[in-house]
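Below is one structure; the comments refer to it alone.
Letters A, B, C and D mark the chains as written, and numbering starts fresh at 1 in each.
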Amino acid sequence: MVGGKSLSGHEEKIRLGMVGGGVDAFIGDVHRIASRLDDHYVLVAGALSSTPERAQQSGAALGLDPDRVYDSYEHMAKAEAARPDGIEAVAIVTPNHMHEGPASAFLRQGIHVICDKPLTATIEEARALAAEAERSGALFVLTHNYTGYPMVREARAMIADGLLGPLRVVQVSYAQDWLTEEVESKQAAWRTNPAMTGGGGAIGDIGTHAFNLSQFVTGLEVQGLSADLQSFVPGRRVDDNAHVMMCYGGGARGMLWCSHVAPGNENGLKLQVYGVKGGLEWAQEEPNKLWYTPFGEPKRLLTRNGAGTGAASLRLSRVPAGHPEGYLEGFANIYFEAATAIRAKKAGKPVPQDVVYPTIWDGLAGMAFIDACVRSSSNNSAWVQFVDLTP
Amino acid sequence: MVGGKSLSGHEEKIRLGMVGGGVDAFIGDVHRIASRLDDHYVLVAGALSSTPERAQQSGAALGLDPDRVYDSYEHMAKAEAARPDGIEAVAIVTPNHMHEGPASAFLRQGIHVICDKPLTATIEEARALAAEAERSGALFVLTHNYTGYPMVREARAMIADGLLGPLRVVQVSYAQDWLTEEVESKQAAWRTNPAMTGGGGAIGDIGTHAFNLSQFVTGLEVQGLSADLQSFVPGRRVDDNAHVMMCYGGGARGMLWCSHVAPGNENGLKLQVYGVKGGLEWAQEEPNKLWYTPFGEPKRLLTRNGAGTGAASLRLSRVPAGHPEGYLEGFANIYFEAATAIRAKKAGKPVPQDVVYPTIWDGLAGMAFIDACVRSSSNNSAWVQFVDLTP
Amino acid sequence: MVGGKSLSGHEEKIRLGMVGGGVDAFIGDVHRIASRLDDHYVLVAGALSSTPERAQQSGAALGLDPDRVYDSYEHMAKAEAARPDGIEAVAIVTPNHMHEGPASAFLRQGIHVICDKPLTATIEEARALAAEAERSGALFVLTHNYTGYPMVREARAMIADGLLGPLRVVQVSYAQDWLTEEVESKQAAWRTNPAMTGGGGAIGDIGTHAFNLSQFVTGLEVQGLSADLQSFVPGRRVDDNAHVMMCYGGGARGMLWCSHVAPGNENGLKLQVYGVKGGLEWAQEEPNKLWYTPFGEPKRLLTRNGAGTGAASLRLSRVPAGHPEGYLEGFANIYFEAATAIRAKKAGKPVPQDVVYPTIWDGLAGMAFIDACVRSSSNNSAWVQFVDLTP
Amino acid sequence: MVGGKSLSGHEEKIRLGMVGGGVDAFIGDVHRIASRLDDHYVLVAGALSSTPERAQQSGAALGLDPDRVYDSYEHMAKAEAARPDGIEAVAIVTPNHMHEGPASAFLRQGIHVICDKPLTATIEEARALAAEAERSGALFVLTHNYTGYPMVREARAMIADGLLGPLRVVQVSYAQDWLTEEVESKQAAWRTNPAMTGGGGAIGDIGTHAFNLSQFVTGLEVQGLSADLQSFVPGRRVDDNAHVMMCYGGGARGMLWCSHVAPGNENGLKLQVYGVKGGLEWAQEEPNKLWYTPFGEPKRLLTRNGAGTGAASLRLSRVPAGHPEGYLEGFANIYFEAATAIRAKKAGKPVPQDVVYPTIWDGLAGMAFIDACVRSSSNNSAWVQFVDLTP
């Protein structure tokens, strides 16, 4: 009945720091819970806020040693690198335009980086960071958290195993409604400020998740796209709805829709993939289910840890089938994968083959996607070829 | 508990003829059932097949007077027009390329036409037929049957009443899987033969349904589109999958996906509409349900004939809420609307305002849609402006 | 893509009469549509109302020859039996307490009877009618219409074929909400009047449907039951909610819930069956779907006319998978089965083995079920053994 | 967008011990994750296994100080009570027959107890434990974890607020399939061993969850019941399927079904409640949703943290609507409530009114439920009155 994931009984915990994520910052809390769930990390240091007072308050609230509550990431990177008990990894949970600086700083110190998405605000920053990551011996983990859902892994394995045959069609969407009207909140403020996002709105905030998920599951890479971005809410300076047509390597075609203004949609991330031999459908709001539709046979509903599922999902599953796992468990799986990779690295061993997490290259691809969408849309939706960004 | 539709107790029945639809022709049977369901029509004549022997057999099987089983529609149009008890309306259920000829012939005789979709095979034929319909005093009803579903009517009325506010986003799709592999059947044969379809494949067969539904429900008109059509099955001469981005009058944007090659999809026609104040979602495979999502309020599931539904759906509903109505009932509603219009015409009265059915102009718009999609796709998905086809 | 049911092209139509069902009577209209859908019947006579004026009006509205609009069923039975073109079958659609009289009268004349459920108001009437049916050479068809849904047939065939292994557990329920408050309508009036129902309320009106469905699908027979009937609405004289525990032949156990007072439930008839090797689940509000859950394998969703379905459902299916059929089509299937049986009878041939419809014995079992529930409930829910009512 | 739950930034952590739950024991891991999720506890001691070697291994794996890894709960209770830094609370996660001993031992030392359900193996043990809990100043928290789901809290608050009016009907079920066949596993072994369960099988393991949930949400108390328990699998010594009819205080009636042998059901815990003014439906496998069906209005789908939800669910919600929370988060909410209560106790303050968790009395009621079901079933399903077990 129980999944294959060993839930507890671990080696020494990995010492973790955090940049951003002062108390009450939503995503900071999510990263902390995710790091704590499987008990592989202990949070010991932070540059939690750019406001020193708030940084100290947050550090105290989190029970950090005041000596390890820093007023800047630069200071933190150096100080922690110098300590014998310094952090081994750092979580970066600041807004987009504040990713590249801290990430590079820690990578330069050989400290592993776990960074929120999208990778950076601009593609130039992304390239610089990628170069830094290449130079560094440290790991770079991007929290495209939806790739951590067990049934997303199951879908990926099924396609890799050829169950769908050559792929033809990909439909992916991510619809929300929280920016349907003008919103005044910290969350909304930076997500609709081009200076802080890098120019993209919905396309960067959630479109990249959809894009990443489609590539992660199918194993295909987008080669070109045609996009139509809109800003519906008066005064909004970034897109809040986007339509994209895509062609993938191997001849598959796809469509992507993302929206911040679709009333009734909370976190409607959905993926449909169709090949010569069958189809798959998955939706983030019911993440424990996966529809598998072999052509000419009855539809099958696979459930996490349920009958007929394989190793790829079982190894990231904690509780029996029918006991739902959710967003935090999926997020925690990224931290779980990272922990395994960090420990392998520490032990001088190769990272086990079944450990999978989004890397700097996924982040770079996401930035190229945003860039291509913005360029296509401003050029009357002309098709834009994807540039290979691998250095 | 019971709908507002008077189910029986009718005036004299309308005399109906049929062109095409020999026994075992799927769509012919559908039209016959649809015409029979509410008891407003009696089938009395037919040119049921281009093969005389098969025409006679079919006529006999349907209990037609042998004198009124014709070997050609031309002959039938003239002979019926000459009879004092001649047909008042004719159903045309032939393949696309055989619509314009018979439709024009009967219109010229002042006989009302109920015609299957898409309107014709080519846009030239469509224009000719539209001109004929303009000249004729007879009615032209196009069986875009999905517009007959009560909850589609409910959605349309809700939008017309302003419940969604100004519209922003339309997502519509129609996915099937029956042509995933090369298929040899009469159904498949003509639908994949460009000479008989007019050039479109999925885009004409089911894409037009999706297009029509989106316009019917929203009241918006497509003003431009960018399309990417594919033929995935080797040797297929028409598209079997299509991606379209659209802009509507008033600034709304939309996406349309249709596919003949998406395994696991039977008749997956789905529509989502989002406005400033709320959203609506409807799916053909569960036609008795309609999701209404006013922004900032709990989602509501409206059901046909259930609490909170209005006159637009009630007048086309036969049985109590929770007793599902389906495809045939929706199709029959088109025949019901047509019957009311025909009787009003006969009585020299205006057609009641609540009677709604797809007309020649909807058919022409559908042909313009197919044409624009094909042109855009062959021109690297460049945006194509919709030409106003109203003569 | 299309079902195995030949939709049209029939032999001479069966002449049908109707008792009850004046215009605006819901169930009368349903029977008329059901008889008309596949074009096997023609309505030619009726005793449509006990009020002569209303009977004449209804007859005229239905286009009946005024000579064949009768003021009583006795008169009608004799007159029609005497005509060379007299009715071959009669539909009885009166309230429960008015079933036995007309049914017996027509059976005595050798006219086939298609009768609404439950069989009668009292078990004594049921016995008398069963005896009459035994004596008569005519057929007796009871419209437990839910047995006409194709996927109910599929479920029945799967169990008969042993796919579930020996059965263990049956869960069946039928929940409605229309009598949640005191209601004044013709529909409600007779259904809550013990003199007209025979004593049962929800248990007779909808509980019998649930009971019948469970026996029809499983092939099991209830051998004993323990019931708890309630009347929640003040002043109500019959039960409006009922709980029943049942034991079936072969050791299976079951529960049945029916309710007229469960807000949010429209026609929530649901059946779950579990055996040693697997389970099945079906719900009337989504009748085109059937869940099949073989133990230890992924769940499978079967769809009407879809992949993996068999002859039992295909022969009663009209339109392709994904084009929903509903309540009226299911009801029409009972009329279709009856037509085939009547024609076989007329031709002196045995009724084909695959023709299935509820008979007088199903009706008698339903009456025994109501009787046993009422007796158990009034005796502190003591288990009541089912008496074999076969004469 | 974010829930009302403060996710981090806590006071000093509560020192927690554990009895049972050696590494690889499913429920031990669940309790550990639940205690860790919100960072209110630190695990510092344990009597993790009755096998000393295994106890030490487990302690080491969990990073416990070897001095605080005990070979018996008696020893642990005394030693921890004597330490200045001794545990403040203990989690008891042993099989049923091993609850009363340790729980009483820790209560006697004034250490708070968080105990798995059902309360004990026998009703005599339950009474003894209740007496001990009464005497002790320490808290007793029973992990009927499903009461921790936010939407279960929402349902409870809606009923308490009178949204459903006086209640009439309760339908609750908990279906699983994992014991459909004879199973050899540690999990299965003790759950089918009457000596370790206390006599009940499915009725104790999952029936009590269903019973508890129905009382928790409705605020009603069962006053009598009639039960039919079955053991379908050959050789099984406890029930594996149970049917129960219940009457609640205030005149409401209910049915309960639980099963270990219903193929296709994973953790199918479902609750439906109907009152004079409306209904509610909730299912554990989709715990973030709650159907609310006010009579005569459209159905509404409430979502965790979504539009229209109230304080009762928001305070236990961590992530935005549409990002699913699951089983572990619900379980963690019980630990969160316990932490708040423990801290209030420590501070000499009353437990805040909005803090809710299952207590010793809920445990006692559950034991009375099992006892009543077994007695009724063995007495031909005669109604058994519930004895008030409050001392």
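Assume a contact is a pair of C-beta atoms (placed from the backbone, for glycine too) under 8 Å apart; a residue touches a chain by one contact, two chains touch by 3 or more.
The structure displayed is predicted, hence computed values, not measured ones.
Put simply, the chain farthest from subunit A by mean CA position is C. Between the interfaces B-C and A-C, more contacting C-beta pairs are found at B-C.
Each chain gets a centre from the mean of its Cα atoms; for subunit C and subunit D, those two points are 44 Å apart. Inter-chain spacing, taken between the CA centroids of subunit A and subunit C, is 55 Å. Centroid to centroid, with C-alpha atoms defining each point, subunit B and subunit C lie 34 Å apart. Within subunit D, residues 265, 299, 303, 306 each touch two or more of the remaining chains. Taken as a contact graph, with one node per protein chain and an edge wherever two chains touch, the assembly is complete, since every chain touches every other chain. Against subunit C, the residues of subunit B that register as touching in their complex are 1-2, 7-10, 23-24, 26, 29-30, 32-33, 36-39, 58, 61-63, 176, 178, 185, 187, 265-268, 284-288, 303, 306, 318-329. Subunit B makes touch with subunit D in their complex at residues 292, 296-303, 306-308.
Those residues of subunit A that touch subunit B in the complex are listed here as 168-169, 171, 173, 177, 180-181, 226, 228, 230, 232, 241, 243, 245, 247, 253-255, 257, 259, 261-265, 272, 274-279, 281, 291, 293-295, 299, 380-383.
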